[in-house]
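Take a look at the following structure, please.
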Amino acid sequence: MYLYEYQAKKVVGEAGIPIPINRLALNPEEAKKAVEEINKPSAVKAQVRAGGRGKAGLIKLVETPQEAYSSAQEIFGKVHHGETVEKVLVEEKLDVAKELYVSVILDTYQAKPLVLISAEGGVDIEEVAAKNPEAIIKVPIDPLEKLVLEHRWLEAWGKAGLEGKVLTQAANITGKLLDLFYKIDAFTVEINPLVITKDGKVIAADSKVIVDDSSLYRHPELHDFKDLSTNPFEARAREIGVSYVPISDEGYIGIIAGGAGLSMATMDAVFEYGGVPAAFIDLGGGITEEGMAESLKLMLKTEGMKGIIINVFGGINNCEIMARGVERVYREGKPQIPIVVKMRGHSQDEGWAILQKLDIPIIKYGTTDEAIKLLLSKVENGKEGLQ
Amino acid sequence: MYLYEYQAKKVVGEAGIPIPINRLALNPEEAKKAVEEINKPSAVKAQVRAGGRGKAGLIKLVETPQEAYSSAQEIFGKVHHGETVEKVLVEEKLDVAKELYVSVILDTYQAKPLVLISAEGGVDIEEVAAKNPEAIIKVPIDPLEKLVLEHRWLEAWGKAGLEGKVLTQAANITGKLLDLFYKIDAFTVEINPLVITKDGKVIAADSKVIVDDSSLYRHPELHDFKDLSTNPFEARAREIGVSYVPISDEGYIGIIAGGAGLSMATMDAVFEYGGVPAAFIDLGGGITEEGMAESLKLMLKTEGMKGIIINVFGGINNCEIMARGVERVYREGKPQIPIVVKMRGHSQDEGWAILQKLDIPIIKYGTTDEAIKLLLSKVENGKEGLQ
Amino acid sequence: MSIIINEDTRIIIQGITGKQGTYHAKKMLEYGVKIVAGITPGKGGTEVHGIPVYDTVREAASHHSIDFSIIMVPAPFVLGAAVEAIENKIPTVLILTEHVPVHDTMYIKNLAEKNGVRVIGPNTMGIIAPGKTKAGVMPVFLYGNGGKVAIVSRSGTLCHESASNLTFRGIGVSMVMGIGGDPIIGTSFVDALKLLKDDPETEAVVLIGEIGGSREEAAAEYLETVDFGKKVFAFIAGRYAPPGKKMGHAGAIIDKGVGTAAAKLEKLAKAGVTVAGSIEDLIQKVEDWYNAKYPGELKKFA
Amino acid sequence: MSIIINEDTRIIIQGITGKQGTYHAKKMLEYGVKIVAGITPGKGGTEVHGIPVYDTVREAASHHSIDFSIIMVPAPFVLGAAVEAIENKIPTVLILTEHVPVHDTMYIKNLAEKNGVRVIGPNTMGIIAPGKTKAGVMPVFLYGNGGKVAIVSRSGTLCHESASNLTFRGIGVSMVMGIGGDPIIGTSFVDALKLLKDDPETEAVVLIGEIGGSREEAAAEYLETVDFGKKVFAFIAGRYAPPGKKMGHAGAIIDKGVGTAAAKLEKLAKAGVTVAGSIEDLIQKVEDWYNAKYPGELKKFA
């Protein structure tokens, strides 16, 4: 789960890390009030996930509450990479003396948290890593270690050239950031820039937080931040307990598959043989008859759909149950587009029997490629009849 | 800090461990209301620290709210080992099938938490340890270990003979008890008895919690429980930043010393040479002139005081500063009882000079014994004149 | 003797009394798997299909020799079950469960390394040595009765896909292992390759990767540094994935150009691996190699 | 050569810029102690009495060889300072601070043992090798210029008391160590006895204990199991303490008859230790032993 800026700031601030004074505003009037309260030159920042907000005119510096009102009026409702601006964060402008960088990321290869520290903040850290790798200090953490204390961060920031009160503040913030990383099951907690103000305070000016979705069951405090996708198909899939992944707006082939690997391989095959997939549904494990039926209905409803491939195995799932799910949809009305099923595994004979009664072509022994080629030929042949 | 029963239960309950339904009552009317709310046969229990409440008639079983009122009326105001009953805990009576024992104690010698588990609960665990030591399962914990998980407690309780749902409940409670031990910096968290009810629930029927006073600065959640001693001398000493320890109600010698060891050795010497100490004040480290003056005044005010020994070193403290503290008291009026000072260490010459001007006898090079003998002879000689 | 498991491997199932545990215990027993015990706290003393159930691994270990544990408990309980198995020094611990919090896997992996325990998974279909034994949920009739090609895959269903097609074409598989689709996993491609290098039953290895992460790149680096001595094929799912899109697995995130299919395939090809553009292509390439090595032997199943 | 410290010992002070740190650094310099550096986060680059101050132990260690660290930071910061010293493998870490949370000391002690670091304290006056060096807050003129008797005590002021009286009577002390008054301490009586057993400068040892705990009993058990070969005296403060009363130290709790002065004295006496009923008695018994061993040598100071 990728948190919005205002959510990430809330989490970072609650971890005891100093953040700029800010207010979330849902309309221009609130943005105006926010600057009145902050009583300082401020920034009005659109809350969208994609980068490049500055260039897109979605961050405005304002001096007065009235300016905040008019800037917010401009920003609200704008669409940025498919996302409509519905919230703005109004935030005090800091008097920046210097910009630092600090993050804790999950080093999945080493299976350890990795703390990254740099005196060169405010820019893309990957650029720093490419141009001047020794400007980044990497501190790997042993996840079995019970206590990781502040001297580690004093040492690292000392190496980065900090001293005096700025050093102790930065070290303290780093310790809190690691605690936060563990506490919220994060993939990434990043502060960039970590600002030293002209009066010597160290403040997390911007932060990025990504949390492990699998851990959300134990984080009721993050439930408000749950990514309620604006895509109704993704939302419906979540209710069913499967995942719906849109692929291309121009797509017309739907993929229902078991497992992310097979879903992607099926998507690849569709492209490979000249088709364009619209979306895939990954059924995951433990799919029920109803879940299968609802998944198929959802895919059928996807705009522009011309053919569906169901590419599943009876492994952790069961062929008979999945076939019954398909059957249930057919009972409510035979779909008007071609459907091809490739299915094998536990209870395959029972599953095949059900599908055969429905006149659905089944690839019993071939590869995914064969199934896709069959489907695409059916879509091609049926074009005139269906349009 | 030794928590009252109702405080310990609150802490244990907040740790997620099931406790009996209970209400704290400050008067008989509240006790009555409590039983109305609990709506079950209950126990009315006086909140005092000393044991033997049952025998002293300070725990009453009641069936009705009216009985609770009259029982509470009997209990309130009673004095038990010097403590007046000002609160009662009203608590549902459990249907006990079996009583178990579990605690986490600080094994100071091994420097490790030690978890004690026994199927023989409800009695004094030291008795069990003496009579049937193998009935107690001891599980030492490595304080460096980040996670101690439930299978340890399943193993231990399984060895103790538990099974089924009772086993999993007891194991879960034990894990939470260890978490609590760490969380509140405890010396002891004990549940005795841990009751298995007739309907198969496992409930912490009684609990004892002792917290490390040195850790209280980081436990704002425990501040309400702070042991505000009813002894005004101890309370005043706490304000000054020293500790006042009453020794004997018949005592007439006051001891002001630096450090617990020297304070106790001085106390021993007073007894050894036939005197009876009333109290000692341990100045601790970093005593100021004012702290010294206030300590001496407090000791002078102690009832029945006939002579005071000041037995101090300039080590972490300073002789001159301590002498100035004494001087300050003398300036407000020369004490009417003999005072003997044994003082040496940092700035001893300056300290001695101040005391000599006040005509206070100083043991410069002798032992504590010499100082006590001198003081006791002065008290003996001055008896008539002072009484 | 196969790698990791063989006909003598004595297995326990942690979570045997759950729905999945009970179902797959039965499937494994039918395959002749030596399941010596099941573990479910609070269910000690009961039985599942005649398999004795214990409250703890320790208790089971006091009654049985244990080589391998399969963890099939729900995600919130995986940490506890895995740590229990590791503390009891079960040599191999396979975690089938999906949606395990990644921080939990991180802890498990580090603790396992400290204790010399092999972890496989989480989020894997398991491991099978066809005709000998299996520890997992794969439908065994798709895996035939043995062969000379090993498959190691991040995706379970792509194991089924490739193993079944190799089986149908008469080539067969020597062993198939799902290493799991999560960002952190216990046993990597490199770990598997190291074992397969010395496996006398395996003459070729199929690696099935996905976009995201760098495990395929690490495999390529490993293959460049050793004289592996066996044929290696590779397929990477997600070649056409839109950049930045999360593709089901948490591990399958393309982040700023790292972990793309193109990068992985290039590195693997450079390390001498035969890379395939699709499943069909993969199966065909293995078949071609097989026919060249053992001309005229193949009898297609279907 | 003395035990633990001697004239060559290079010492750092963690918390040197605090009031106590600055004062006692001066006192130690006056005694000729080799203080090579001080540590205070955020004060790196400054000096205290000419001693360079660093932000971290690591930085200090990159400029100086360090044998010993004295921790004088406030109680809430002791855990961090001690863990820092231990992780930097400073061979001996002495914690002067009182009121350290006992769970912190527990962690410190276990981490130190794992890292082969000796911890002394917390809540100690320190250690002194009279005439050579000191690491602590003791007034040096009470400790003379050496002798043949070592003192090991839970109480700092009882160190001053017994050392000053032995000095005044011309006997002197070879080294004096406060082991600290807390429930958990780094170096125990037994640890000290093991070192003193092989110390050529020490011919007799004075143990000064207190009621509570079982460290004196452990010392008695140790002395029963080895041929210690040196005279041992003991005094236990708190013989007359009312049972169950907390006597200032958290460690000095009489709990249900365990750790009483009587029990400790009996065990020590049984182990061949000469036990004393008061300070005067203790000093007198040491003097008697000395006079018997070195007749006519004593010249009293006062």
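Order of writing sets the labels: A, B, C and D. Residues in every chain begin at 1.
In this section, a contact is a pair of C-beta atoms (placed from the backbone, for glycine too) under 8 Å apart; a residue touches a chain by one contact, two chains touch by 3 or more.
Predicted model, so just to flag it, every value in this text is computed and none were measured.
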item: Intersection of contact partners for subunit C and subunit D; value: A, B
item: Centre-of-Cα separation between subunit C and subunit B, whole angstrom; value: 58
item: Gap in Å, rounded to a whole number, between the CA centres of subunit B and subunit A; value: 54
item: Whole-Å separation of chain centres (CA-atom averages), subunit B against subunit D; value: 27
item: Set of subunit B residues in contact with two or more other chains; value: 143-144, 146
item: Where subunit C touches two or more other chains at once, by residue number; value: 107
item: Graph class of chain-chain contacts, one of line, ring, star, complete, other; value: other
item: Complete list of chain pairs which touch one another; value: A-B, A-C, A-D, B-C, B-D
item: Of all residues in subunit A, those that touch subunit B in their complex; value: 143-146
item: Complex contact set, residues of subunit B against subunit C; value: 146-147, 149-151, 154-155, 158, 163-165, 167-168, 171
item: Touch list for subunit A against partner subunit C, complex; value: 106, 108-109, 111-113, 126, 142-144, 182, 185, 187, 212-215, 217-218, 243, 245, 247-248, 257-265, 267-269, 271-272, 282, 284-286, 312-316, 344-346, 348, 364-370
item: Residues of subunit C that touch subunit B when the two form their complex; value: 41-45, 55-59, 79-80, 83-84, 87, 107
item: In the complex with subunit A, residue positions of subunit C that touch it; value: 20, 27, 75-76, 96, 98-103, 105-107, 109-111, 114, 125, 137-139, 142, 153-158, 160-161, 164-165, 168, 181, 183-184, 208, 210-211, 213-215, 218, 235, 237-242, 245-252, 256, 277-281, 283, 301-302
